[in-house]
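Going in written order, the chains are labelled A, B, C, D, E and F, and every chain counts its residues from 1.
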Amino acid sequence: MVVILPFVGSLLTAFLLRTNSRLLPASIAGFVAATVVLMTAALYPSVANGGVVRFEIEWLPQLGVNLNLRVDGFAWLFAMLVGIIGVLVVLYARYYMSEEGPVPRFFSFLLAFMGSMLGIVFSGNVILLSVFWELTSLTSFLLISYWNQNPAARDGARMALTVTATGGFCLLVGLVILGNIAGSYDLDVILSSAEAITAHPLYLTCLILILLGAFTKSAQFPFHFWLPNAMAAPTPVSAYLHSATMVKAGVFLLARLSPALSGTYEWFMLVGLAGVSTLLLGSYFAMFQQDLKGLLAFSTISHLGLITTLLSLGSPVATVAAIFHMVNHATFKASLFMAAGIIDHETGTRDMRRLSGLLRYLPITGRLAMVASAAMAGVPLLNGFLSKEMFFAEAVETHANSWLDTATPYLAVIASAFSVAYSLRFIHSVFFGPPPMGLPNQAPQEPPHWMRFPIDFLVIACLVVGIFPNFTIGPFLHAAAVSVLGQSTPQYSLSVWHGFNVPLLMSLVAMTTGCAIYVGFRSYFSRCEGTPVFRHLAGQRIFERVLVTLSWRWARSLESRLGTRSLQPQLRWITFLGFLAAFLPLYLAGFQSRMLSPSDLDAAFLGIWTIGCCLAIGTAYLAKYHRLAALVMLGGVGLIVCITFLWLSAPDLALTQLLVEIVTTVLILLGLRWLPKRVGDLKDEMTFRARFRRFRDFVLAAACGVGMAFISYAVMTMTVPDTIANFFLNNAYTQGGGRNVVNVILVDFRGFDTLGEITVLGIVALTVYALLRRFRPAPDSLAAPEQQQVQALFDEQQPDRDAGDTVRDYLLVPSVIMQWLFPVVITLAVYIFIRGHDLPGGGFSAGLTMSIAFLLQYLAGGTRWAEDRIRVLPLRWMASGLITAGGTGIGAWLFGYPFLTSHSRYLDLPLIGKVPAATAMIFDLGVFLLVVGSTVLILVALAHQSIRINRIRAMDEAKEGAP
Amino acid sequence: MELVLSAAIGFMTACGVWLLLRPRTYQVIVGLSLLSYAVNLFIFGVGGVKSDEPPLLTEGASVALLADPVPQALVLTAIVIGFATTALFLVVLLASRGLTGSDHVDGRSDPR
Amino acid sequence: MSAIILFTAVSVAQLMLTTAMAISSVRMFYGPRAQDRIVGLDALYVNSMLLLVTFGIGTGKTVYFEAALVIGLIGFVSSVSLAKFLMRGEVIE
Amino acid sequence: MIAWPQHLIVLPILIPLIAGAGLLFIPDRQRSVKAMVSLAATIALGAVSLLLMAASGESRFGAVYLVGNWAAPFGIVLVLDRLSALMVVLTALLAVPVLSFALARWHSAGAHFHSLYQFLLMGLNGAFLTGDLFNLFVFFEVMLAASYGLILHGSGPLRVKAGMHYIAINLAAALLFLIGVSLIYGTTGTLNMADLAERLPTIEPDRRLLMEAGAAVLGVAFLVKAGMWPLCFWLPSAYSVAAAPVAAILTLMSKVGIYIIIRLTLLLFAEGPSAGFGSGVLLYGGLATLAFGTIGVLASQALGRIGAYSVLVSSGTLLAITGLHDEAATSGALLYLLSSTLTLGAFFMLVELVERGQDAGASVLAVTMELYGDADNEVPEEGQGTTMPATLAVLGICFASCAILLSGLPPLSGFVAKFVMLSALIGTGSVGSSPTGGALIFVTLVILGGLATLIALTRAGIRAFWSSIEGTVPRVLVMEIVPIMLLLTITATLTVKAGPALAYADAAVRSIVDPGIYIKAVQGVAPQKSRRDHTAAPGE
Amino acid sequence: MIYSAADIPVWMAVVVAFFVLAGAALALIGAIGFLRLPTFYERIHAPTLATSWGTGGIMCASILFFSVAGGRLVAHEVLIGVFITVTTPVTFMLLARAALHRDRFENNPKVPRRTGPVKL
Amino acid sequence: MLPYPLLTVFLLVMWLLLNRFTLGHVLLGGMVAVCSSWAMAALRPDKPKLRRWYLLPKLFGVVMLDIIRSNIAVSRVILQGRAKEHRSAFINVPLELRDPTALAILSIIVTGTPGSAWLEYDSRNSSVLLHVLDLVDDDEWRDLLKNRYEKLLLEIFS
C-alpha cells in the first residue's frame, strides 16, 4: 500500500496537467509523502526487534516472482529516509519551482520516483527489486530532463539513463543468476543461502553483474561521471535523488545483499577498489569544481565511495557504519543541495567564482549551510563525525591480507582531508569575502520561511544526531543493523567520545591537512579550469565519445557492411542459402543416389527437351538487349513445358500451362511498351569487378542447376509406397463424383487450396489495378511509339488518306476474323468448363479461355471499340466468383457438414436422362468467374495505360500551348 | 524420361538463377518465369513420371498404374499463383520504371 | 501388324515434327528479324500441336486432344500480339 | 451432424474472405460504407477469435476441423490448439486498432485498401490454423499477395522500390517453398503435418535425407519471411516505407514465419532420427539476426527504420529461442512474441503521427491522377485533424511506453517476457547447472539489444519531442491516437495479467512439444457420415 | 477412352500411317523452307505447308484412326483444321505488314513503295 | 432471337463434334450456341449479307484442291533448293469485293494457300498487295484470284 500510494498520487497529479497552480499538485504530493511517512512510521513496532512485515500479490507465480513486499528494520529506516526527505523536498519544491513550468508534471514524476524508491526498499523479491530499480532510472530520467528545452538537461538525463539502465540490465541478469543459484528469487531464501552462492562457479559472474548495477546507480568509479551531469536537474531533484535516495539505492543493494555475497576475496577487492578509488577521486574532484552543485555532486560521489568502502570490508561494524553514514549523508547533503538551490535561486548563479560574501544577504541560510558543511567535513558534535570515526576505526582494522587493506587507512585520511578542504571552500568562498559583483540577481534575500524550513529541519537533525546519537538514531539503527546482520549484529557504541584513539588522530590529521590544503591552494581553486592531473579523465567525454563511436559510427558502418539495400545481393543470398540448404544435409550425411540408369528414353521427348534447353539458354542470353526475342523464346520454353506435361500424363496441366503462357505473353508485351529503349549490343567495357560478379553468378547458377537436376533425379526415381494419392485415385469417383482425379482434388478433396489460390489471383488483380491507377510512365516513354508516329505522319502527308487509315487498313481483315472467333472461343470456354470434372478442363482453364476471348476483342478493335460494345465489370465477376466459391462451402453447413463438403448426385432430367450434378461444379463456377474477372482486370488495367497516356499527353500539350 | 526431365529442370534452373541475379528488371521477370517452369516441372516430377497414364478414371480399369494426381494438383495451384505473381511483378517493375526512370532493380540510372 | 505399322509411322512422324520444331527454334534464336522469330514461334506452336495429335494417335487416347484444340484455336493469340506490337509498338491501343 | 460451434474454427478465414469479396461490390465512392463493413468484419473476427481461444483452453488439445469432410491425411485440416488460437487472437487484437487507425485517412490513399486488408487477415489466419503443408503455402501466398498490395498502398517511388524488392525476394522464396514442399511430398507421400510427423521416424534413410533437404529448403523460405540474417535486408526498407497501418499489421507477417518454424521444428524434429535438425542454424542465425537488428537500431536515424530493425531484433530473439529448444524459454518467447508484435504495431502507427509534425504529410500521397474507369479524385480529407494541446503529451507518453516495451525495461510486458526467457535460460530449478554457450550469447545479445533500443529510442525520442524548436504539433485525430493507446493498454494488461498469460503460454508450449498429442488429435477426428451416392451412378 | 492400334485392320493402318507421315513430312518441309529461304517474304510461305495439308494429313489420320478403332465417327479433329486455317493467316498478315512497314521505313528498294515517301 | 443463324449452327455443330451426339448435348449445345451468338451480337460487327450460302461448299472444295496443288508446288521449290530458281514477287491486285467478311475469307484463302501471302489491303484503292513465292505470270495470278475466288465470293456475299 505504501508503495502503491505514490503511484496513485502520481497519476492523480498527472491529470492536473492543465492547472496553473503549483499549490494543488504540491499539496497532493506533500499529502502523499506525509502519509507515506506516517504509514511507515506506524510499521515500526512490528520491525523494531528484528521483525518482518510481509505482503504479497500474485504476479508470475510460475517463476516465483510476485508482488512481494517485505519490511524489516533496514527497509524501514531507509523508507523513513525516503519519506521524510520526500516531504521536505516537496515543501521546498513548492517554492522553488517556477510557475511557468509544467509543475504538475514535476510533482507527478517526483511521486512516481518516490514510489519506485520505496519499491526498491520494500521488495522482498530480487526481480521485483530490479523492476523498481529500473523504474527509478526512468523516473530520474524524466526528472533530470524536466527542463527539456535545455540541451544540458537532455544530455545529462540521457547519460544518466543510459548508464543506470545499463547497470540495471546487468543487475537483472546478475539477480536472475543469483536467484537460480539460490533456487528462488525470494530475498529471504537468497540471504540464507550464502554458502551455496559463494561456492557456485557462476558466483563471480553474478557478483560482477550485480556490482555493475550497484556501482552505476551509486556513481562509483568508473561510472561516476553521470552524476555531475545530472546536476542540470532542478535542485529539489538533486537534493532528493542525487544525494539522499536514488544514488543510495546502489549501496542499499550492496548492504541488502551483503549477507549473501560478501565475505569473499572477490567481494573485498571489487567493492573495496571501487569504493576507495571513488572516495578518493570524488573528494579530489570536488575540490576543483566551480559549480556549487558540481562540488556537492562530487562530494556525494566521494561519500558514496566511503559507504562502499565500508561495505567492502565485510565486518559487521563496518556495515552498521555504512548504514549510519547513508542516513547521515542524506541529511546533510540534502540540506546542502537545498541551500545551494536557494543561493542559485536568489543570486541567479551557482558559480563559486562569482559568489562571495553572501552571509550578509542570507544570514540564516548561510549559517545552516555552515553547519551542514561541517557535518560533511566530519566536524565533531555533528552526525558526519560519528560515522566517519567509525569508518576510520574500521579502516585501521585488518580484514584481508592485501595491499588494499593496508592502504585504506591512509587513503581514507587523504580523502577526508580533501573533503575538509572542499567543505571549507564551499563555505568560505560563498559566504565570506567581499560583497558579490555582477550577479544576475542583484538583491539576494532570505527565501520564504517555509522554503527554508526543510534545511532547518535537516540541520537540526544533524546536530541532534551528532550530539545525542543514542537517543535519536540509536534504536532505529539497531533495528536496521539487526535486520541486515541478523545474529552477527555486533556490539557498537554511538557515543561522541571514545577517548583519544587512532581514529580521532586520523580525524585531526585530516582536519588540519584539509585546512592547510584550502589555505594553500585557495587562489588556485578559484582559477583552475577543470581538475589537474585527471583533466583528460573526463568520464563524460570518454563516455560520449565511446557512445558515439559504438552506437553511431561503428553501427552505421557495420550496418552497411553486414546489410545491403540492393536487390541483387539479397537474391544472391537467397539462392545461395537455398542451394546450401538442400546440399548440406545430403552432403554431410553422405547421401548416395542410385546408379543413373538410362530409363526408357523417348527420342522425341529427348529432342523436345534439347530444343527446350536451347530456348532457355537463348532466353537467358537475349533477355538483356533483345527483350522481344527473349519473350518469344520464353514462350517457346513454356510450350515445351506444356508438351512435357501432356507427354507425362498431365493433360490438365498442359491445358492450363498453355493458356497461362498465352496470357502471360500478352501481359509482358503490354508492359514492354513502357520499358526504356535498349540499344542493342553495346558491348560495355567490363571492369574486373563486373567480370568477377558475372563469374560468381555463373557458378552459382550452374551449381543450382546441377543441384536441382540431381535432386529431382533422386526424388523421381524414388518410389514412395503409400502416398495419399492412392486414396484420391480410389475415391475420386465413388466419393468425389468425378473421373478427372486432378479436378476432383482441386474442387473437392483440396478445394480449400483452390479457394485460397483464386483469392491470390483476385488480390493480385486488385493490387495491379490499384497500382496502375497511379501509374505515371517515365518521360521517355510518354511519346507514342515510333511506328505509330511514322504511320500517322504517312497518313498526314498523303493527300488521299485520313488520319488512322493505315491502322484501320492494317486491322481491317484480321479484326473481322478475330471478331468471328469471339463466340467460338466462348463456346470453347463453356466446353472446357463443363467437362472439367470428368476430363481435362475445369473452371480455371475455362476462365482463362473466356478472358482470352475478351482479350482478342481488345486486340482487334482497341480499347475504346471493345468497351463500347462489351462492358466487362471485372470487380463484379471477381466478387461473385469469390462469394460463389465461398458460399458453396458455407452451404454445407446447412446440412450439418463441415465447410466445403461437396455433394453430388445424378439428376434425372426428362428427355435427357441422368445428368451428373455436383456442388463442386458450383464451386468451380466460382473459380471460373473469379479467373475471368481477375485476368480481364489485369489485362484491361494495363491496356488502359495507353489511353491514359494519350490523355496525359494531350493535357501536357494543352498546358504548353497555354502560356 | 527421368534423366531428360531432371536435366531439363537443371538447365532451366541454371538459366533462371542466372537471370534472377542480373540487374535489369526485365531479366529478373524472365528469370522468375524460367524458374517457375523449372519448379513446376520439379513438383510435377516428385510423384514419379509416367508416360500415357493420365489420372482419369475409366470404368473397370485399375488405378494402380495411373500417374500421381497430387503433384499435378499442386502444380496447377502453383501455375495459377505463378501467373498472378508474374503479373504483379510486371506491373510493379513498370511502376518502378515510371517513377525512377530506370529499369535497374534498384532504380539506379547508371548503366552498369 | 497394324500396331507395328502405326507405331513406326507415329515414331517417325514425331521425329520429323521434333526436327521441324528444332528448325523453328533456330529461327527464333537467330532471327534475323523480330518477324522471323515470331513466325518461328507460330511454327513451333503448330508443329507441337501436330506432335500432340500424333501422340494421341500413338497412345490411342482422346484426352490429349483438348490441348491440341486449344493450340489450334487460341495458340495464335500470342503471336498476333507480338505481331501487333511490332507493327504498332503497342498491343492494345 | 457436427455441433455449430465447431464451424467457428473456419470463421477466421471465412469472415475476411466474404468481407473482402463483398467489399468489391461497394463502389469506391461509398468509402464510409466500405469502412463500416470492414470494421464490422474485423470486430466480428476479434469476437470469434476470442471464443476460439476460450475453446482451445477447454480440452487438453484444442480442436480439429476437417475441411470438406475428408479424413485427416487426405483432406485439409484446420488445427486449433492453444498456439494457433493465440496467434489468431493476436491477429485480431492487432487488426482492429490498426484498421481503425487506417480509417482516419490511410484507407483512402489508394484503391481497395479494405479488401486487401481483409484478405491479408484471411491469409494470416489461414497460415496459423492450417495443418497441411501445401495449404500453408496457399495461405502464405494469400497473405503475401495482400501484403504486396498493401505495401504498395499509397504508391510513390520509395514504396514502389521497396515493394519491388519485397516482391522479388518473396517470389524467390515462394519458389523455394514449393521446392521444399514437393520434396517432402515426394519422399514421404503426404502433405498433412501430423501424418508427416508420424511417417517420419519410419521412412528409410535415403528418403529421410532428401526429406530433410526439403525441410531445409522450406526453412529458408520461412526464414526469409521471418527475416533471419542474411535473408532480412528487404525488411527494414519495406517496413519503414509502408503506410503506417500497413507496417503495423505487417509486424505480424514476420511472426508467421517464426510460428511455422516453431510448429514444424517441434512437430517434426523434436524426437526421432531427425531430432534437432536445423536447430544450430536457427540458434546462430537468430543470434546473428539479433545482433544485426541491434546494430541496425543503433545505426538508424529515422523512427520508421528503428521500428523495422526492432522487428528484426524480435525475430532474432524468437528464432534463437526456437533453436535453443527450451520449453520454459519458449513460453517466454510466446509472451515476447505477443508483446513485441503489439508494441511494434503501435510503434509504427505512432511514428507516423510523430513524423507528421515534421514532414507536413508530404509522404502521405504521391501524385494523384485521373484514374482508369471512373475518374473520382482521391485526395484524403485533410484538415479534419485538430491540434490538441495535449497531443504532444499523449504522443510522448505513448512513445515512452513503446520505448520501455521495446527495450524490455520494467515494468511492462516487454520486461516480463524477457525475464521469463532469461530466467529459463540461466537455468531455474537445477541448482548448480550452468547455461550453455549459446544461451549465454543469447542472454548477452538480448541485453545488448534492449540497451541499443533504449539508446536509439531516447536519442530519437528526444529529437522528436524535445529538440524541435518550432514545436509544430502534428495534427492528429482522436481516432488515430486511440488505437495506439488501445494496443498499449493490451500490453499493460499483459503485464498485469502476466501470471495467467504465462500459464496459457506454458500450456500452449506443452501441447506442442509432444508431437504425439498433435498427431493423435489430428488423426482421431473422423469425417461425418457421408451422403455421397455415386455407387449408383451410371457408367460412361 | 483408349483405343488400341491392334483394333484396326492393316490396310487402315497403312492409310493412317500414310497420312501421318505425309502430314509430318509437309511440316518438316515447311520448317526446312522456313530455314532456308532467303527473304522474310519468301519464308512466310513455308510454314503454311504445316498449317494447311500438314495439319490436314495428320487430322485425317486421327479421324480415320479413332473412327475406325472406336467404331463410330469421331471428327472433332476437323475443328482443329478449321481453326488453324482461320487463325494462321491473321498472324501472317499482321507480321508481313509489319515487315513491309519496316522495310519501307528503312527505304529497302526490294519492296514496293507506297505512294509517297515517309520522313520522320 | 438468332442474330447469326449460320454462326449458331456452326457453334452447335462444333459442340456436337466436341461432345457426343446425344439429345442432352443437342439441347445444351443449342443453348451455348445461342448465348454465344448473342455475345457476338454485342460486338455489332458489320453484318454480312449472305445470299447464296449454298455456294460455300463449292468454294471450300475449290480451295482444298488448290491448296493440295500448291502444297506440292511449294514443297518442290523448297526441296529442290538452289537447283530450281524460283522468282518471288509482289503483285498488286485490285478488288471489287467490299464486304469485310468476304475479304477476310479471301485473305484466309490466299494466305492459307502455300505460295501466296496477303500483305496489305488498301481500302482507298480497294486493292491488295500479295506476295507470291514462285511467280510465273502476273496475270495468271490476278486471274486466279479474281475469277476463281472473288467471283464466287461476290456471288455468296452480294
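By our rule, a contact is a pair of C-beta atoms (placed from the backbone, for glycine too) under 8 Å apart; a residue touches a chain by one contact, two chains touch by 3 or more.
Please read these numbers as outputs of a predicted model, since none were measured by experiment.
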Report summary line: Label-sorted list of chains bordering both subunit D and subunit F is A
Query raised in the report: Going by the contact rule set out at the top, which chains touch both subunit A and subunit C?
Result: B, E
Query raised in the report: Which chain's C-alpha centroid is most distant from that of subunit C?
Result: A
Report task. Name the most central chain, where centre means the mean of Cα atoms. Result -> D
Report summary line: More contacting C-beta pairs: A-E or A-B? The answer is A-B
Query - Distance between chain centroids, defined by C-alpha means - subunit E, subunit F (Å) - result: 15
Report task. Let me have the rounded angstrom distance from the C-alpha centre of subunit B over to the C-alpha centre of subunit E, please. Result -> 30
Requested in this report: Determine the centre-to-centre distance between subunit A and subunit F, using the mean Cα coordinates as centres, and give it in whole Å.
Outcome: 74
Requested in this report: Any chance you could list the residues of subunit E touching two or more other chains?
Outcome: 1-2, 30, 32, 44, 51, 76, 79, 83, 86-90, 92-94, 96-97, 101
Query raised in the report: Of all residues in subunit C, which are in touch with two or more distinct other chains?
Result: 14, 17, 19, 21, 38, 40, 59, 61, 63, 69, 73-75, 80, 84, 86-87
Report task. Name the residues of subunit B that each touch 2 or more other chains. Result -> 20, 25, 28, 42, 45-47, 52, 54, 56, 58, 70, 77, 81, 84-85, 88, 92-93, 95, 99-100, 105-106
Report summary line: Per the touch rule, the subunit E residues reaching subunit F in their complex are 26, 29-30, 32-33, 36-37, 39, 41-42, 44-46, 48-49, 51-53, 75-76, 78-79, 85-86, 88-89, 92-93, 96-97, 100, 111-112
**Report entry** Residue ranges of subunit E in contact with subunit A within the complex
**Finding:** 83, 86-87, 89-90, 93-94, 97, 101, 105, 114-116, 118-120
Query raised in the report: Can you name the residues of subunit B that touch subunit A in the complex?
Result: 1-31, 33-34, 37-38, 40-42, 44-58, 63, 66-70, 72-73, 75-77, 79-88, 90-95, 97-103, 105-106, 111-112
Query - Residue ranges of subunit F touching subunit E (in the complex, touch as defined) - result: 14, 17-18, 67-68, 71, 74-75, 77-79, 81, 88, 90, 92, 107-108, 110-120, 129, 131, 133
Query - In the complex with subunit B, residue positions of subunit D that touch it - result: 134, 138, 141, 145, 148, 152, 155-157, 160-161, 163-165, 167-168, 171-172, 174-175, 178-179, 181-183, 185-187, 191, 539-540
